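Several structures are given next for inspection.
You will see subunit A twice below: alongside subunit B first, and alongside subunit C after that.
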Partner chain A sequence: MARISLRYLAYRLVVSYFVILGIMTLAFLLLRLMPGTFADALVSPDMPREAREAIVEQYGLNEPLWRQYLAFMVNYQTGQFGWSPTYGTEVWSLIERRLPRTLVLFGASFIFGYIIGPLVGMYLGWWRGTKRDKSVFAAGLVAYSMPAFWIAWLLIWLFNYELGWLPSSYMMSQYPDDPSLLAPFEQWTWWRAIVDVLHHIALPLFSIISVGWVGAMLVMRTQMNTVVDSDYVYLAKAKGLSERTVMIKHAARNALIPVATQAIVGVAFIIDGAVIIEYVFSWPGMGALIVDTVLRRDYPTAQAVFFILGVLIVVMRLLTDIAYTYLDPRISFEGGE
Partner chain B sequence: MADHLLEINDLNVRYRMDGPDVHPVDGVSLTVDHGETFGLVGESGCGKTTLAKSIIQLLDSNGDVESGEIWFDGTLPAWTDERGEVRRDVVEDPQYPVREDGMTNLAELSLEQIRDVRWRNVALIPQSALNALNPVYKVGDQIVEAITRHEPGTDVEEARGRARDLLERVGIDRERADDYAHEFSGGMKQRAVIAMSMACSPDLLIADEPTTALDVIIQDRVLDEIKSLQNEFDVAMLIVSHDISVMAETCDRMGVMYGGKMMESGTTESIFERTANPYTLGLRNSFPTVEEDQEQLVSIPGTPPTLRDPNPGCRFVDRCPFAVEECRDSHPPMYDVDRALGEATDEVAHESACYRLDDLEQVQEDAAKEETWLQQTTH
Partner chain C sequence: MATGSSNSRLEAYKEKWGPKVDRYKRVWGRFAQHRLGVIGLFILVMYVMWAIAPSWFAPHSTEWTAYLGTDPGRMTPQQIDSLPHPPAFGDPFFAPMGTTDQGKDVMTELVYSAQNAMYIALAAGLLSSLVGVPLGLISGYYGDTWIDESIQRLADITYGLPFLPLLIVLVAIRGVSTTNIILGIVVKSWVNNCIIIRGETLSLKERSYVESAKVAGASDTRVIFRHILPNVLPLTFVYLAQDAAGAILAEASLAYLGLSDFTAYSWGIMLEQIQNRGFVFEAWWWLLPPGIAITMIAGAFYFIGFSMEDVANPQR
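Right, the complex of A and B next:
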């Protein structure tokens, strides 16, 4: 079944590696293109001159840019992300703690968005032109046109402020920024911890999904429209298969292939959305961290977060490509290029 | 066993459109006997494919059988006794669309019921069989799917074996059952679909333009394949084609359709020997044949009518070089050709819907001349 050769996989890994080098370079450059410098955040005018110079030298900021860049590239590739002056800790220890939280939110959004989207798209495409199709389609477009953070505000207003059902911020009732993700699990029973997380994740998750499902729905609906008229769907009907079997097994299965293509773009959008939504809901993940550190000119942390999110997208793209070959037998990556 | 396998009476199919309804099949009757091959021929848009689709209710969602009957010799498993005969109480109960001789009116069946008839009793090779295999499933599995759908008790391994046998029967290696459609050549795909159509040994096989997408050499091979399978499985066939030469080669009897109406029907032999309808004559002129020495192919001028707003007269009147005043008033009924030629027989073997049957010989003679048809273009 596997139609991916090791050789192709190796080729893809090498390409991904170069993409990651590119992301590193961007992370390095973008933050240096911002007005002001890293040093401004570290020193203050009333410091003695020697103290200022000592700090500048300690962070290597007196070196020419190209040497800083080289050192940066070498450090990142050896897994050294530096020291965060604002948090007073290793950057990696910050990321280590926050990445799983982001992955929980992002992963759940991605999974739900890409279950709901194609499923709704399948029904709409199959029953195209009906009233239900038109109204759900229009509702989807409206949701798609709204910024996720605005929907988030509406949700907070309704479910938190007006109804008081759901919390508006943090991941858990206690220990919102505890160093250990597992701390509450040790002190509470595990199911209480899970219920608490679910309680907190509901609003941010819903905000991301409310926009995130539409992209997949639109592609799926259009594809179903095409596939419904295909000859193999006609033959499947002629074989006497039930409507359900024809729709799911023969039509939807084929319409799903371009959805995988859309997912490659959708992954980036959902990560994107998750970053903003995290900030809105004070979700203690990577998104809140990147906004926080950029505003405070904490370059080492900001560029590391930027970099890790970039790597996440590269990894997801690689996975979607592999998923592709399982969805569509016509695609094979057996030969290396 | 009833007299016929399929008996279509005065069938009207309607498509609901934005404007007035369209009737692509307008009062057509035909019969197909057990094991016989019946051909439906006509230009695109004459209703022949719609007629074929309506037999197993495969019309597009805006189409339905408005009136008429589609009697079929074969009943749902639920309505038969252990010997396979139709149960008496089913025949007598008016709620079941079953006739005294055991035939079922397919047009009256619910969607649920017709699904049991599809493929098990009436299989179909679709118009573009080349794209009819689902690209994401193995070819063998698609045959297995048909078998397990209609024979629910079947062991999957046994069904796989049967699928392989069928593929081998049409000249495809057993191992290729595990391949996907894109790994097959065009001819192989066509043959795979033909093999699939035989999976449940149907009583009737509808072949919709079975050769259109193929080159001439493959066409011939595919027709041979279909014919030999037909003999082996003892299945009746309804071939739909725009190519009248395919009819000559394969069909026992045939019908010529135009503008939703049956123009001429009868044994293939009789229709070719004494073509009794100007439309059929024109159609023959426009196709090359091996036997006759045609200097030039002559096409029928004009295009088929739109069916949206049919004129009250003969459907072919606007393109017919032999039209007389009478033709403009009403569409002609089917006349017995043998009787018109003064050779009355007990059984009607050849019918034609034309008012000019009286001077048929003159019509046939003129139709053979190119200028007869050319004059029409200036008309």
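Right, the complex of A and C next:
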């Protein structure tokens, strides 16, 4: 069954490792190139000179750049992420708390987007040229063109400001007895917490999905259209199978393969969307953290988030490539380099 | 005047240009079948006209203020209280899309912003094609050599850096200006062009006409730019349109985060201002137009791009 040889897998792993090193280097250099440092916020002009120098020295900012770089590369590969000067905690403890929250939002958006997108694309591609196809296709492109934060505002306006159904920010309510939805649950039990999170995730999730499904839909629609005219679809129809069976079992399966390729692009796209959506909804995740720390020149935290998101993208890319070979038996990566 | 010679000249011109004109007519005929593409083109033409001559389309000049017009003076407290003013048609002033909290006409700001948007879209789209397409061609043509490998790893690294945070960093380094925003967008958006063009080149270079060009002694540069490039050109236009749309959306997101050139007029800045001054849920006439304008221009580029994809790559 294994169509991926171990040698190829090892080769890909090594390449991925160097790609991550490259991402780290770029993130390090670019962050250092920004004017100002986080120490500027801690230092005030009326401080004595020694106190200012002490602060700069405390964070190692007076070290030559290459030593900072070396320390950074070595520390990261041994799992030490350092200390965040603006949050006053260890960077890893920040990430530990925030990564799962981002993964919840991102994972849910990704799953929903890649269920809805290919399904809609399948129908549109099969019935290509009909009025329904044209209008849904156009609607998808319009959704794709909206600024994500603007959609979010419109949703907050409707569901929070006008109707008051859904909360507009944070991941959980601060005061357990606050929202009326939670009234049936007497105590703060775990499944009451789940309901609370679901209640809070609804708007951000909907904002991301409303844009996120389109990419997969576009690819699926195009693929479906090329598959529709193929011989095996005619054969399946000629055998007397129902239209539905042919569409789902015969055509869609083959059209799915390029969708897997598109998913690699989709990962990055949804992560980008999540960054701004987290910021709009004050979702306490990695996206809000990276924007916040970059704006405050908190390099130690910002580079850690760049690192984690970079690893996430690289790993997802590797996984999609592997999934790809199982979806399409014609592809094999046995040769390798 | 010898009519005979002028006629033969006309014939010569016809012979030379006729086929080309016919080809463009054919392409246009194909394109015109896609209603979406034609709609996109109409929107684009409208925005181009806004960008070229904003003063013809805007109801007021940019100095205009509600109640006062362009005269210097002060508003009464009641007048200040009525701002942001909902759409008004002549009473007490003419502002078809209402005013901002400072008494500026929303419609005027909207029209004057088109210039900025067109600049960002076209410059970012063109630049990412100019970087991505040659790299994609080279990478594909020298597939599986160290050249291909190094370009692809460079693409991988760029890919692994999340777009918006990277853009914030780049803009912070170079200083906030429209040109720097465009350059920042290009740093990331060339990658898609490169990957797509590489894939296309990989399959094109196996075709017999490329082989025969090589046998005839054409250099690599000639094969790439004379034989392969013309065949991927339609595809590059499709991705140019998509990059242009993406650039507009990126600029809006950046403005929302407070990173934009506030001396310029831009739809993203209008949205940032409404949130900064706390009128997101109070002034729909101010919130909706910039968002719709962004959606329309990005949509126009996508519509045109996808219709062109069909023209370039007809299924039947």
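Note that in this section the second predicted complex is superposed on the first by the 320 of 337 C-alpha atoms of A that agree within 3 Å, B and C clash if a C-alpha of one lies under 4 Å from a C-alpha of the other, contacts with A are read in each partner's own complex, and residues count from 1 in each chain.
Methods note: contacts are C-beta pairs under 8 Å (C-beta built on N, C-alpha and C of every residue); 3 or more make two chains touch, one makes a residue touch a chain.
Every value quoted in this text rests on a predicted model; they were computed, and no experiment measured them.
*Asks:* Return fit or clash for subunit B versus subunit C, each positioned on subunit A through the superposition.
*Replies:* Fit - subunit B and subunit C, as placed by superposing on subunit A, sit side by side.
*Asks:* A:253 contacts which: subunit B (first), subunit C (second), both, neither?
*Replies:* first
*Asks:* If we overlay the two complexes on their shared chain A, which of subunit B and subunit C does A:295 touch? Say first, second, both or neither.
*Replies:* Touch status of A:295: second partner only.
*Asks:* For A:157, using the defined touch cut-off, is the partner it touches subunit B, subunit C, both, or neither? Pick first, second, both or neither.
*Replies:* second
*Asks:* Considering only touches as defined above, state whether A:17 meets subunit B (first), subunit C (second), both or neither.
*Replies:* neither
*Asks:* Compare subunit B and subunit C by how many residues of subunit A each one touches, and report the one with more.
*Replies:* Answer, by number of touched residues of subunit A: C.
*Asks:* So, A:240: does it touch subunit B (first), subunit C (second), both, or neither?
*Replies:* A:240 sits against subunit B, while subunit C stays out of touch.
*Asks:* If we overlay the two complexes on their shared chain A, which of subunit B and subunit C does A:165 touch? Say first, second, both or neither.
*Replies:* In the superposition, A:165 contacts neither subunit B nor subunit C.
*Asks:* After overlaying the two complexes, what is the shortest C-alpha distance between subunit B and subunit C, in Å?
*Replies:* Once the two complexes are overlaid, subunit B and subunit C approach no closer than 13 Å between C-alpha atoms.
*Asks:* Could you tell me which stretches of subunit A are touched by subunit B in one complex and by subunit C in the other?
*Replies:* Correct list for subunit A: none, the interfaces share no residue.
*Asks:* In the complex formed with subunit B, which residues of subunit A make contact?
*Replies:* Contact set of subunit A toward subunit B: 230-232, 234-242, 250, 253-254, 257, 327-330.
*Asks:* If we count contacts the way the header does, which residues on subunit C are in touch with subunit A in the complex?
*Replies:* Those in contact with subunit A are residues 35-36, 153, 156-157, 159-166, 168-170, 172-173, 192, 245, 249, 252-253, 256-258, 268, 271, 275, 280-281, 287, 291, 294-299, 302-303, 306, 315.
*Asks:* Help me check something: in the complex, which residues belonging to subunit A touch subunit C?
*Replies:* 15, 18-20, 22-23, 26-27, 30-31, 33-35, 134, 137-138, 141-142, 144-150, 153-154, 156-157, 161, 218, 225-226, 265, 268, 271-272, 275-276, 279, 290-291, 294-295, 302, 305-306, 309-310, 313-314, 317
*Asks:* Which residues of subunit B touch subunit A in the complex?
*Replies:* Residues 56, 58, 115-120, 123-124, 126-129, 131-136, 145-146, 149-150, 180, 182, 193.
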